């Protein structure tokens, strides 16, 4: 039998639990989100994580031996969408960026000792982490080849120098995974949060505010790291980045799809009740068009995420699938939220509904994890290469 | 394990055969398509159908006992996309509209005798058929409640009076399935092609030309039909229409997705070779954007079709899924073709490439089988009803 | 000679002065804008208004006898676009909403005494004002017929009861123009800021923050207003609202076009300098597409504003023209800002560039002053009425 | 007084006459347009041109001394929009492409003798002409630098060799203006229709059919042209092309805007009458949205055309203005026609309404006269250069 969209019972049951958890336990705390600070206070985070553990929904992407649910990419796609219905959900369930991507990377690349020191507490939620790759101009951004932070060997240590920005979660992170240029490539390093050679110079004031630890501007000045804190092989950093990037951009899609769905839920509920022009808003044609387009965008987003998650589960790099999903979902989820806002009129732009918050937090996703333009460039290049090789672009085979 | 996008081996093998058949046997005949006539000449149709039979790709949607391949909706989705890569493909493989939808309807609703008389020759390709529902204004169109053709009982016969238009395949059809208003609803009738009470007054000159038999304006004047030619139960016509409409709009999507993919293939091949501004066209950013957007639209279209096909295979009516797929695919496949045309510049609008032909044939699909606006209206109404019932709009559960 | 796009010398000279004033005097203060408070501090406002007066750019829309520049709608279109290049510009120049619209309304409708009491200090910038029409659901919003605030005559006074929201500038306003339902229509009242029957219950937390006095939720409880504070005739409020609404929505367009242009200026400057993929960002095709689309949207926005301003200067109500301009500009200016943000990547979403601030402030404009959907509804109805009357829709005559 | 949108009385009066002429005299002949042939038969063309002369609407762009109306670009913008309401209108009024552009070019560049031989009969409508610049790949297309047709001096003659395609009006043209590569640039030549060295190898089968003489594939084989048939100076061809291209792309916009308006007129009339879902189509929200968007696109298109026409009348090259107008109008006029088609449902795609014909004829305009992508590239480059030069992109000054 060819393909199957059935969500199996265990996943469905877990999703139901997550949905209840988000609705009953997380959403009531959303008022803590404000434009004045990033993420939620540490105490609330701990409290919600304990509740998530009690509800059996904690750390869905983490390995079982580290206390996680050990889900595959497909089950993750279902669960993380549900977690995203609140901007606080992923942190509450310990499956937010960048920790969730770092868990995946460490699981695949770290040594046994590194796992004990970094992966274990990260899965347990006792520490947060960050992933320090992006650099201010001129440096590694859309074009990773422009990496300018360097690491040079000095005795048993490596010495890192450079500047990074948009380092999500930097403030208060227990450790950072830092990408630096080495002799014949790039190398990843595990840098402890209290390393005196690394400092968060400032937090960037961004449109979005839901990420714990904000987005840091991080400076490395003669930052010494012992050689056993190299993550994986020297000079292989770009390869590991690929290991992380595909899945990490996909989990972003899942969470943001959940957030877009939340905005849509709120807007449809509003349209169903709001009297206007002798009918309800939801009976007016232009409102119906927005509602329908939201349903279409949500369905298409989910289908592309699922397909890419399945491809990852087949052990494929799935770069075309994850790039397609990332580009489409970042734009579609934003459209959904934008329409939800428009549907709610004035109510949509004040913080009594969650839509404005979701809106501001979601817009940057068209830039984070590869701007749409860079993904389109990759997608097109693969398509042209297919044609040049005599294969069919747009093919499913 | 939750969901699975694997296309199984038999389907994949069949698809490969279809692809070869289309490329080697059908595409060389595409020059017969011209704006002066609809579809291909009968002899060519017969010749290609024989070739399809020989290649083992004939009548993929027809039941095995009538010589078809008896595929389920999922396998159909894969095979009909491949058939659509040529505008002649579906007719060559006897899976074109409206025959393919009529085969499905007859299989589900017809009596044994009706199956012998109508379904068998239709599956064999010895006759064509049509489905006479749409009426000129004021009559049943986007709003089926406006049905104005009537059937009244007279002794052992029914007598049909009214006017229909956009009756695809009417000219030369062996029989028609005719929808008419009866006392307590609507009823479907099997009307033979040589019934003197029915005549094709004229063929409509439409933008599209690939449908055999064109789009007829059909007049029923005291058209007598024996009572045993009622299809299913009297007054139950709208219910049967639903049986046919969901799958039929989805097979349309499959074929048109194949056509859009073909346009994309041609355009990417062109872009890969065409020198421009010191590079190839395919290396220029704005061209890459169009190519990438095509890949995204194709992937999303396919994923939505597959999901709806799966839902139909679960025995669900899948109205939301098929409406979402129809709306998205009709628009996305057109966008793909439009971009393919733009990519090819002047070459895209002349008939040396197949793009202009596909373009003109595809545009009406945003109107046929329910205009996008009517589907959006349905989708939105279901979404609002979900909200009113305390369920979540945009949900996957 | 038929039509003429020449901007005359006095206007051009004034625009040049405004441009210098904004660049040199206003933009350096933009850092005061923060999401924690609305508008700028009163002292800064006073300081900038003094500077504007000194620069000869103060109160461009106010009558000359009240110290303004007394410009017509056309000159206003040029000058207010320039003022909008900073979110602080319009307030600095005393041509921001809602004061600027209230000045227009008072000039047309107020009695001599009312002008002395309200118009004069408003033009001088010694007080701010607000316009209290919109109500929370169910009440007057997109559909003004749902007006629920009432005013009843009691002796020499009127007594107002009801609730309003999104009352821009309410906090700290010297007076409000309040729309309330009266026996045979709606009536406008001038309510002093210290009237004990009116209170700003709270400020709405909105996405936008540049409006002085924020957006208030205002409660009227037995708010007594002397009969000589009726603005214009009793029961004629809807007619006066029209007098104000057309021009006021157009000045909004002018200011927001200036803001969009600023975002575009910043983004093009960034693209011209930013190295990427071996070129500058501005040489990459997808970036060029965004830059070109911005130029197109800006040019079309300006042309539609100018045309509507000209129509107002001819003494026409210009409802179709102002609705078309409002709908197009609100969406186009937002697209421009969105593309500017995307062009700048990470830099676009942090507050070191002004784009994110403009973005958040501009999004609500698609809802304020009539959501796009309500304007489209009006535009379409006029178009259909034209056709019904035998005239040509889309006509220029 | 700054800017003015008044259409003066003489232009308005002439436009009224054109409107009557198109409605009463031209539209009744539209049924001659068929996909089997290009343009209208010569006799009909002569008959309609005589009628246009009688109505005082003939050759609006031609100089008065050659029997034309000698209008400036602004008056042309009004009149050619009206002419375009029928696809036959511009040919009937002798202001169709490419003749109208050639008239302009000859007037500016031709010698007195050349004017007598070529301009005079062209203005009189006794002959048609063509403009042979575009070449099949690899050759001059979107990138004019790839010009491959050559002209070499041989005694008193020039000898042209090469291939051209998309040469509108080639079949039956009295003469061609041919662009060929010469030693230090490109040169334009006047080649008589009966020159044995030039032949129309075939007519391209394109989507559009309204151009008299079709789009030819033209071959030059040792085509000898006397030296006095060089148009302007040797090697200055690209400069003259610019003289022609700006205005010619703008007149295209005017005519197509008229065609789009016609489609809109038809669709609004249809929507006003068509009963649906218990209302008329024109009262349904999604239909209203399409109608309103059409009004907006038409208004914005016209405003951009007018502004560019005014700039040309100021003697400016107006490249940014004409590129912006061309890009926007080609896309907007197509959107208008697409929505008009969708509004009319099935009726929109059959040839009983003129919409499908307009649709197919208009689509290529996004490619002709510079594809949208090439114009965007030019627009963006100018914008970036402005920024680099310290000027403001998006500026009106």
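Read from first to last, the chains carry the letters A, B, C and D; within each, the first residue is number 1.
The criterion applied here is as follows: a residue touches a chain if its C-beta (ideal position, glycine included) is under 8 Å from a C-beta of that chain, and two chains touch if they have at least 3 such contacts.
Treat the numbers as computed from the prediction; the structure is a model and nothing was measured.
Counting only chains that touch, the fewest steps needed to get from chain B to chain D is 1. Simply put, chain C must spin 180° to overlay its Cα atoms on chain D, rounded in steps of 5.
As for how the two copies chain A and chain B face one another, over half of their interface residue numbers coincide. Chain centres computed from CA atoms place D at the largest separation from chain A.
Chain B has its Cα centroid 40 Å from the Cα centroid of chain A.
Each chain gets a centre from the mean of its Cα atoms; for chain A and chain D, those two points are 51 Å apart. Contacts with at least two other chains are made by residues 284-289, 373, 376-377 of chain C.
Interface residues of chain C, counted against chain B in their complex, comprise 284-289.
Against chain A, the residues of chain C that register as touching in their complex are 35-36, 134, 137-138, 141-143, 146, 165-166, 204-208, 215, 274-277, 284, 286-287, 341-342, 345-351, 356, 359-360, 363-364, 366-367, 371-373, 376-377. Residues 1-8, 11-12, 15-16, 72, 74-75, 78, 81, 261, 264-265, 268-269, 271-272, 282-283, 285, 287-289, 291-296, 298-300, 302-304, 306-307, 310-311, 320-321, 324, 327-328, 373, 375-377, 379-381, 383-384, 386-388, 392-397 of chain C touch chain D in their complex.
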